[in-house]
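Across the two complexes that follow, chain A remains constant while its partner is chain B and subsequently chain C.
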Partner chain A sequence: MNNLFGYKKRNTWLNHTTGTSKLVGFLLLTTMGMISYDTRFLFALGLFAVILMQTAQIKYREYAVMLKLVLIFAVINLVMIAVLAPQYGTQLYGTRHVVFGSGYWSITQEQLFYEFNLLLKYLFSLPLAIILLFTTNPSEFSAGLNKIGVPYKIAYAFSITLRYIPDVQSDYHTINLAQQARGYEISKKASLKNRAKGAVQIILPLVFTSLDRIETISQAMELRRFGRQKQRSWYQEQSFSIRDVCMFIGSLIIVGIGVALLIHNGGRLYNPFK
Partner chain B sequence: MNNRKKSNGFSVRSVVATGIGAAVFFVLMKFISIPTGISNTNINVAEGWLALIAGLFGPVVGLLVGFIGHTLNDAVTYGSPWWSWVIADALFGFLLGLSRRFLLLEYGDLTAKKLIQFNIWQVVVNIFVWVVVAPVGDILIYKEAAQKVFLQGAVTAVVNIVSVAVIGSLLLVAYVKSRPKKSSLRSE
Partner chain C sequence: MTAPLIDFKHVTFKYHAQAEPTLHDLSFQIYPGEKVLIAGASGSGKTTLLRLLNGLIPQAYPGDVSGSLTLNGQDILDQSLFDLSLQAGTVLQDSDAQFVGLTVAEDIAFALENDHQPVGKIKTAVSKWAKRFGLGERLDLSPQALSGGQKQRTAMAGVLVDDGKLLLFDEPLASLDPAAGAAAMAMIDKLQTERDLTVVIIEHRIEEVLNANVDRVIVMSQGRIVANGTPTKIIQSGILSQNGLDEPLYIQLLRRAQIDITAIPRISDVKAVDVSQHKLAIEQLKQTVKRDRHLTPQLIIEDLDFSYERSQPLFKQFHTVINQGEILGIVGKNGSGKTTLSHLLTGFLTPDSGDILLDGTSVLQQSIKERADHIGYVLQNPNHMITKTTVFEEVASGLILRHVSEDEIEARVRRVLKLIDLDSMRHWPISALSFGQKKRLTIASVLVLSPEILILDEPTAGQDATHTANLLKFLSRINHNEQTTIIIITHDMHLLANFVQRTLVIVNGQLIGDTTPAELLANEQLVEMASLCTTSIYQLAARLDISHPEELNAAIVTEPVWNP
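Entry: the complex of A and B
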């Protein structure tokens, strides 16, 4: 059931850290990485995350598909920028060092540097996300969200989502097979029109079973008096230990470094061309 | 439906609708896409579902379904959520949810006028969200090149307009057909 996010029980310190502190650490670090355009900072953060990932004993084949998707996504985006805005780097950094070519299509060092930064930005958070997803029991997320201040009803909705994704997925597969048995084809072999028709034939039953499900579950929850109190407790809640404190302090130190670099650079960009 | 007294704001039904809505959104986003023939642009069935759920349960549920569904999909596919687009999708759900006021789907009466109103509204919302909010977010948050993000935004807007117009309207009609009419029972 928890296979979707690649969560497995592993005996590492990252697994024993609570979901709350991993979530906070992830949010702090990715937000800082999102704001900062400092190459050194992003590179160091990415490297640090890869090392952390090693200590969590996550194997390459577990995240290979994810990595490939991110790389494809990154390459498409970088090529698009290179084609659509080849002088954007010059505009950002304010200088112009031509490597070769001339005019609008010339390739400048600034552009290459900007695109390298962008690549780092696409990639640095992947190991962090992999750690978060692969070492945290999905049920801990909602407890964690509630602990950092998200109202418990929203946290609970999130927990219902995680709980029902596998169910909806299996509904989808069942409906898909049933409709294929009736002769609707949605694989690449069929023509566009037939695929669209086939997709509709799958969506309609899926939508109606899901709407029924909303009724059933909300009635069951109402019977159990959900939402009567201002707070609730969580089955997967864990108490804080020294590891969690270390994780908080560690993330705060990294954010501190990021902020210091922002001030030092006088903005979000790190400009080696000045 | 809402004859009971609501306990602090968010009803149980809305909580469940958000949870299940986001789960279905996620599954649709991940598994069903109808290619348009142009590479990398698929008709996104999930946005049609978002339109139905927002039209049924209102803006807050729409917002949360867009937010949770998109965040999860990004996290599982790309490693981390692309916040500017997550925010755009959440806003999309919220604005579409405003259409609940005039759609009144529960009573099983969907006139052609309502359907046209809904489609005009979704076109406005789609253009605002994907051509303005998402690209501006990309530029402010990620310092992406304007030319690229506006092109991406425009393509997404067109694709989503088609998706909601076809799949969203279809789901609305199918839903209303499945509901009993308001005046189907009379006291004698």
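Entry: the complex of A and C
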């Protein structure tokens, strides 16, 4: 199986749920989570997502790289906000409790709380995204995209990309070695400038090989009537079952709680400072 | 008389991008249930003809068509590519690129998915067709995990799932090893009889296709049909060799024995033809097989160990000696380590242990670039190697990177270009070259570094008889003039039988044979293990009970390819 994004056949209920419901659930929950700044809600959502991930039997080492990348990105983002808009928290919550520092650059409790909420948003959406990608067959994912209204030609592009990435990788590898044999030093022995020059030499043959490939693929697809009808069916699509209904209802309940909190808080913010 | 399925009347076709028509005044009919081979050298127009049949012309390749062409009585030009695909399924030459699904099951299902059929119905159809093609256990595999033959069978299942009655094959043998090719031909033959299909095969490898019991051969040359008849009639007329095609090897043998083949019935079927009264004449052709005259060791591979993954060693204590000036063939089925071995020799891969000695010195410490000065490597796909825009620049680039003086570059490049007959085209843009010319160009750009050893990966893939002959002429010239050792990785039986002096058979990292090609081909067990196929000469010899068929094979190679 093609497991570029970590999809594996696992025998869990999340695997057996259709790609469409998982996609819809993911979109509902992340949208609600992005709207809400209610710390309690975000925290609960994060906890919920982590528990879900446990039930999906996804191992830490499978997503370790992804987690680290997202954490690095989150930290950079939070630091940039602290630097570029250090008083945004104060503006948002309407109060000002200085922790240390003074004037424009002082660090306030409000700013820290605001950024904590942002961090929670990262932390809840990452497990949800991992669940979606790791438990959904790529073709079923395309099917899901198609079902929620993405035109199938665009949805299929996702599958076809996954199909040919290993081929392009191997082309790249072969061309790289062939160019080294020709005399472009790309190994660590060469200077950065020469390595960059060498790398450029790989691009031209790679583009030509890929263009050849694309021409054949598009012919092969047309010869089997891709694009003939307004809709297409999907071999990997699973049939709807009670699980999918549960997933819809579950997602809707969570969204309901989120909306209730919006109304109760009188806005997107949960404000402990008042 | 039944109505023809395909009916062409005075069809002429010109691509918009070209000044001259590619097809001239084609008229022919193909009847339901027939198996027809359309043969022709590169540039004969056979691929264009196929595109007219499946609708890629005019949809994907616009051009001007005149004359009348019908499929099932309906004008082909009035129908869309999609409509035509329901009647005529096409299996493309590149079964890897044709594989659009992420798994075997999805690829077989692809056409039905596009027809928006219910999933349950698709699953039934997929499992039925997968079983018929022996793919039932492989439904969840990705294309990367399949052999060439399995990919092609997936492609066949993927078009037959439509229940179309016409099947078009574009060079079905091109990407298969000989054993898989023979199996594919048998499969096509079986399908056609069982399901009453009409099959059109575009190929230039006549010997292998005749195994599929074709009913008729249409020979094309320079955009025209030059012959159209039963295989027997076509072979008797001798028209194949006049049009850049190789006659089956046993026919070449019979001709050499001065046998009048026009008088022999069923001459096109080596399994049925009766030539027993000519046995003596054939036996007299025997020639002793030339032994390897090269005895100076040049490259020594010593106790080499290599594995991609630690748990699965590929080479274990691999040991062999390659001699100065010899022409060595490496054969073995796909994935058995042929390409890995050449990558180890060129430094693309590093062995786990063991040594590689060139003229007594270990090369393991040298970088890829340094090693390329001694061991040149020409990849199978020329597009993987070409980086410049003109012929001269391409050949010169290796020398420029090695800081050779300008005058010397000019001299060396011109010399190599003259050797491969591209000197007059040295200022041409590479995009204007044909596939065969590109192939020669990549050989030139490796050769200009004056390596002592030249490794070629499938040099004849995708080339017809004329191009192959030119290439071999050129290779034996450099082997003779420059004393360059030539190592060829190949599946091509003709190349093996007629050009190579010594063969190494590698299966699963093991060297299971080191012999002359003639003796290899006479050894059924080795042939099977290497996923090769005996040629028709060996079949004929077996039927006539002639011993040492390799001596017969030597008879049709008597003409030295290069006369010094």
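In this text, the second predicted complex is superposed on the first by the 258 of 274 C-alpha atoms of A that agree within 3 Å, B and C clash if a C-alpha of one lies under 4 Å from a C-alpha of the other, contacts with A are read in each partner's own complex, and residues count from 1 in each chain.
As a working rule, a contact is a pair of C-beta atoms (placed from the backbone, for glycine too) under 8 Å apart; a residue touches a chain by one contact, two chains touch by 3 or more.
On a predicted model such as this, the values are computed, not experimentally measured, just so you know.
Model built by superposing both complexes on chain A: chain B and chain C fit together without a clash.
By the touch criterion defined above, A:92 lies against chain B but remains apart from chain C after alignment on the C-alpha atoms of chain A. Of the two partner chains placed by superposition, only chain C is touched by A:234; chain B is not.
The superposed model places chain B and chain C at 60 degrees from each other around the C-alpha centre of chain A, with the value given to the nearest 10. By the touch criterion defined above, A:264 lies against neither chain B nor chain C after alignment on the C-alpha atoms of chain A. Contacts of A:274 after superposition on the shared chain: neither chain B nor chain C is touched.
By the touch criterion defined above, A:154 lies against chain B but remains apart from chain C after alignment on the C-alpha atoms of chain A. Taking chain A as the reference chain, the count of touched residues is higher for B when chain B and chain C are set side by side. Applying the stated contact rule after C-alpha superposition, one finds that A:221 touches each of chain B and chain C.
Residue contacts after overlaying the shared chain place A:66 against chain B, while chain C stays out of touching range.
By the touch criterion defined above, A:182 reaches chain C but does not reach chain B.
Look at A:208: by the touch rule set out above, it reaches both chain B and chain C.
Superposing the two structures on chain A brings chain B to within 5 Å of chain C, judged by their nearest Cα atoms. Chain A residues in contact with chain B (one complex) as well as with chain C (other complex) are 159-160, 163, 167, 204, 208, 213, 217-218, 221-222, 226-228.
Residues 54-56, 59-60, 81-82, 85-86, 89-90, 92, 94, 96-103, 105-106, 109-119, 122-123, 126, 140, 142-144, 158-159, 343, 346-348, 367-369, 371-372, 376-377, 379, 381, 383-387, 397-398, 401-402, 445-446 of chain C are the ones that touch chain A when the two sit in their complex.
Interface of chain B with chain A (complex): residues 7-8, 10-13, 15-24, 26-28, 31-32, 34-35, 37, 40, 43, 45, 48-49, 52, 64, 68-69, 72, 75-80, 83, 141-148, 151-152, 167, 170-171, 174-175, 178. Partner chain B is touched in their complex by these residues of chain A: 4-5, 30, 34, 37, 66, 69-70, 73, 76-77, 80-81, 84-85, 88, 92, 118, 121, 125-130, 133, 151, 153-154, 156-161, 163-165, 167-169, 172, 186, 192, 195-196, 199-200, 202-204, 206-208, 210-211, 213-214, 217-218, 221-222, 226-228, 230, 268-269. Those residues of chain A whose C-beta lies close enough to touch chain C in the complex are 1-2, 138-139, 159-160, 162-163, 166-167, 171, 174-175, 177-185, 187, 189, 201, 204-205, 208-209, 212-213, 216-229, 231-237, 239.
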